[in-house]
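When the chains are written out, they are named A, B and C in that same order, and each has its own residue count from 1.
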Amino acid sequence: MSSDKGADRPAGPALQCDRVVAGYGDAPVVREVSLTAAPGRVLCVVGPNGAGKSTLLRALLGLVRVRQGTVTLGGKDVTNKPLEELARSGIGYVPQGEDVFDTLRVTENLDMGGFILSRAERQARMDAVLDIFPALRRLTRRYAGTLSGGERKMVALARVLMSDPDVLLLDEPTAGLAAELTRMVLEEQVRLLAGLGKAVLLVEQKAEAALSVADDAAVLVNGQIALTGTGAEVLANEDVGEIFLGGAGRGKGWMQSMWAGSAGSAGTDGTVHSTGIA
Amino acid sequence: MSIFVSAIGFGIASGAVIALASLGFTLQFGLSNTLNIGYGGFITLAAFTGYGLIQLGLGPWPTMAAVAVITGLLSVLYYQFFIRRLILRSVGLGPIAIATAAALIFIDYAIVAVAGTDVKSYGLTSGRTFHLWDFVLSSTQVAIIVLALALMLAFQLLLRLTQLGRALRATAVNKTLARSCGIRAERVTSLAWLISGLLCGTAGVALAMTTQAFDFNLGSTFLILIIAAAVVGGIGEPYGAVAGGFLIGITTELSAAYWSPAYSDVVAFLLLIVILLIRPTGILGGQARRRHVAT
Amino acid sequence: MAGVLNFGYIANLALGAYFYGVLTLGPSSGNGGFQTYIIGLHLPAALAIIVTALVGCAFGGLVGMIGVKRLRPDYQAIVLLVVAIVALTLVEADAGIFNGNAGLSLLPNPVGGTGPTSPNGWLYVAIVFAVCVVGYLILRRFSDGPLGRSLRAVRDDDRAALAIGKNVVGLRILVQVVGGGFAALSGALLAAFIGAWSPSGWQFAETLSLLTAIIVGGVASNPGVVAGALLVPVIFEQATQYVPGLSSRPQLAGDVGWMVTAVLTIVFIWWRPRGILPDRRPRYGPGARRWSRFSMAPLGLASAAADMRADGPVGDPGPARDPAVATELAGPALTVHVRDAPVTSGAAARAPLLAASGLAVHYGGVAALDAVSLEVTAGTVTGLIGPNGAGKSTFVNAVSGFTRPEAGRVKFNGTDITGLSPHRRARLGLVRTFQLSRQFGRLTAIENLLVARARHPAESAAGIVAGLPYWRRAEEENVARARALMATFEMSDKADEPAANLSGGERRMLELMRALMTDPMMLILDEPLAGLSPRWSGRFEDAVGLLRQQGLTFLLIEHELGIVERLCETVIVMARGQVLTTGTMSELRTQREVQAAYVVG
């Protein structure tokens, strides 16, 4: 069934957000962000801590209210739709941290991933997914809460693949993973998802590793897109390291844009800090 | 020896009812994170509805089934129009618990207004008694034990083997993640309240059958044992509630047999306090195990 | 009567409500006086009532000790409920002393006679009223003023209270002791009035009506509770008047009354959870009539702060500071009372103030801290940076006592503080802030500062007994200092605003100010600039710079590396639970290793 599904839509729909403004309190955390996650490609959003990456993702998922702008899935408006309905229209989500059902066995986690499928579909899909992650076969009876970090992430990705979603949103899938595992998750697992024809939106703190597997990339600073390009372009941009470390050169310009953020205008060449007390 | 064995027998009988009720209680806590004190009111309501139906000439077992369904439906309404709204208003867990305590009082006194304060009895003939080794139990007690065990088994099978049951567990452990799988968490939660209502209704009638005589305080008194069982087992844990129910039931009966019936509840509560001091999350409470903390 | 039952602020609403609600079930409390009757000691009733109140205090303290110290907060309410029921059941079961289920009757009345119909009934009511007034006044000792402020702080956010050195457990137990005493007192008075007492007299419903009184009147508000206590019975009576067919079913009136009480509770929780007379916080800001001796203008701060120092109110004033430090910009408002302030020059000053060695913390098999050792030199600002998940916050928690490390030791100012609780560390001068700023939301902004004052005399036993005159001076100094701080940070206009209404930036500043009010030796700031606008972070930066010059030591966890570079002499880089390297920011910036840790993660 799932293979039919793929055949029906060779290209698959893209997830687009257009000038999205979202946030929790009085000040929006995400401001006028426009992005497109295209089928078969990995779109990587990087940025320093607190740039609004997670909030953007949660806004796309209907978990944080989108105040302005639209989110569309294959051209259909899905702005502020409840999460479960988004899931049913083909959006898969792997949250950061609590990404598996700890008190459920691995197979049960997969069953939940395929909740919207029929029983027969689910069985077929489970075989297919276990083929993608053969390492999970020997873990099927384990409770997900007892797994190691890398195994958990595999379960989380396998779970989200169960429903064969068209679009995948991954929130820092490598958080807390060691370097080798990070490489494994990004280079093997995330690439694999795009290889399956899915539109992957990857939000990452570990910019270098993430950008090296990304087709498209966007750098989010202070809730706004500061730079876009292909993954390779952004990676090759010498300033990226410095942007993250807040160094001199072009990075300083970025720094200023961060500073100026809430004031709404470009910074006054880094003198912000000398604002006097009293 | 035979005192011991027969006390164990009675303990299993009362433990079965406690376990049934505390299973429903813990389910509500697990899914909605609410300490529903109004549960005691539903127990009383079930017992009195059963009384009414028996007065109308319905047999005890059909009565139990009918009451279970009625209580289940009321429980869903109670969740939809009361608990869920309170949660949405984000008034806090403490005030919600107090509001449910108010619901308990409301239900209890509504019952008094209709049925009065006098002691009621289903007036069931105790039937023949079973002697098995040193166990001496009435047929009603045996039937209730069997029924309770069957229901608990069915509930476990539901949780373990059906997609719906897994969705229930999934929603309890992580609502957002469950929703991201396409599970309609709100419906699943309503289902949990339906099931807990069914268990509550069954337990209420079973309790009324076994206690012989009861009044409007039945539920609020029994609620203490229910909470004790749920907490001893680790609140929110289905197995824990069952284990806690039997533990409380047997302890109560043993202390009644060897010491004094008056102290039986005290012993049960001392047990609760001791267990909480040793294992603050209850016997099967696994909060630490399931929590995966990201730095 | 119920007015007396309220001791004001419920450190934890469910816990407190259950506890004294259930305590007023009476038998355990009310019977201290009646034991004497049965045993035949025949104590004078007044004495018996006092004894009862003391027994209630002891019982409350005991329960508080067991319940509050050992258990998770969500279980505390249950345990307190259970303990009360155990007590009730024991009383019911014990025929020897308490006469079991049948209860006690023919209790002596302090003014002679028994029962409500006795000729001296009205006299007794007058006495009870007088006791209520006295009780109310005593309660205000606890619920108003600095002590009440601390208790409310514990209620609003116990972790933040720990972080500023409040003995949260102690304060909670105090609440139980006082609450237990008053509950017992009222139980005794009631029983003496009725002249009889049986355990069945107080059940769930009666407990609820007390809760209703509190909720309707206003949680944590003494006048509110008195109003609630007066109103609820009236409503009860009124409701019962309109029930038809009362003549045939007299019983019905009471039932409907209870139902109305229940509905009333729900209605209030639903629409007006804070009651009709909500807890009103005193005003200390500009325009406040009380405490107005001190000017609010930043210019006037100098004299106020100078007064304050001349009086030497808190701790050791420390060695004389370099006068150049007190720049005209900051004024003395930003002067901190650095205790045993290390000399900022010379070899001695280079000794580490904070030294962690081999700290290890694991979360579910993942090493959040893997044998971390680091030192912070006195009088410096040390930066701690690293990518997400590097273990920085875990380190802060381990050092400040909020997480118990599995291995390793923490030394502060030469003392081993590894096993100390957070509030003791704060009292030693090691104070932290939180990554997500925490505040006491229902206190005003300035109260958030006032509450942080270390060793407030009003929180001592002497302060409770002696009252306002004993601590007025300290409080005036406290208020002056808090006002000066708020003026310095240009937040005077927000002083009387509840902290919950402040913006993110204001909350951050409030947290820093609150930490300063504790007279710290060292501040650990966990991402203080997250979400701050440039205006605020500029102020913040200047403040840290000035405070450092005065000898305050900082450990600054921050992602905004520009600020780290400007402020920190030494920067420590953490990654994956380990210390990667140490150096100045400009040194680190060139290190490929550090860049890699940040970008690769």
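Everything below uses one rule, namely that a contact is a pair of C-beta atoms (placed from the backbone, for glycine too) under 8 Å apart; a residue touches a chain by one contact, two chains touch by 3 or more.
Since this is a predicted model, take the numbers as computed values, not measurements.
Taking B-C and A-B together, the pair of chains sharing more C-beta contacts is B-C. The greatest centre-to-centre distance from subunit B, using averaged C-alpha positions, is reached by A. In terms of their C-alpha centroids, the spacing between subunit A and subunit C amounts to 40 Å. Per-chain Cα centroids separate subunit B from subunit C by 36 Å.
Separating the CA-averaged centres of subunit A and subunit B is a span of 43 Å. Taken residue by residue, subunit C touches two or more other chains at 366, 389, whereas all remaining positions touch fewer. Contact of a single residue of subunit B with at least two other chains is seen at positions 291-292, 294-295.
Residue numbers of subunit A whose C-beta contacts span two or more other chains: 175-176. Those residues of subunit A whose C-beta lies close enough to touch subunit B in the complex are 61, 63, 82-84, 87-88, 92-93, 95-104, 108, 111-113, 115-116, 119, 145-146, 152, 159-160, 163, 175-176. Residues 12-15, 17, 66, 70-72, 74-75, 77-79, 81-83, 85-86, 89-90, 92-93, 100, 203-205, 207-208, 211-212, 215, 251-252, 255-256, 258-259, 261-263, 265-266, 269-270, 273, 363-364, 366, 368, 389-391, 393-394, 577 of subunit C touch subunit B in their complex. Residue ranges of subunit C in contact with subunit A, taken from their complex: 298, 329-331, 334, 365-366, 387-389, 488-490, 503-504, 530-531, 533-535, 537-539, 541-543, 546, 559-563, 565-566, 576, 589, 594-596, 598-601. Of all residues in subunit B, those touching subunit A in their complex are 163, 166-167, 169-170, 172-174, 176-185, 286, 289-292, 294-295.
Of all the residues in subunit A, the ones that touch subunit C in their complex are 25-27, 48-50, 148-149, 172, 174-176, 178-179, 182, 204-209, 240-242, 244-247, 255, 259-263, 267, 270, 272-278.
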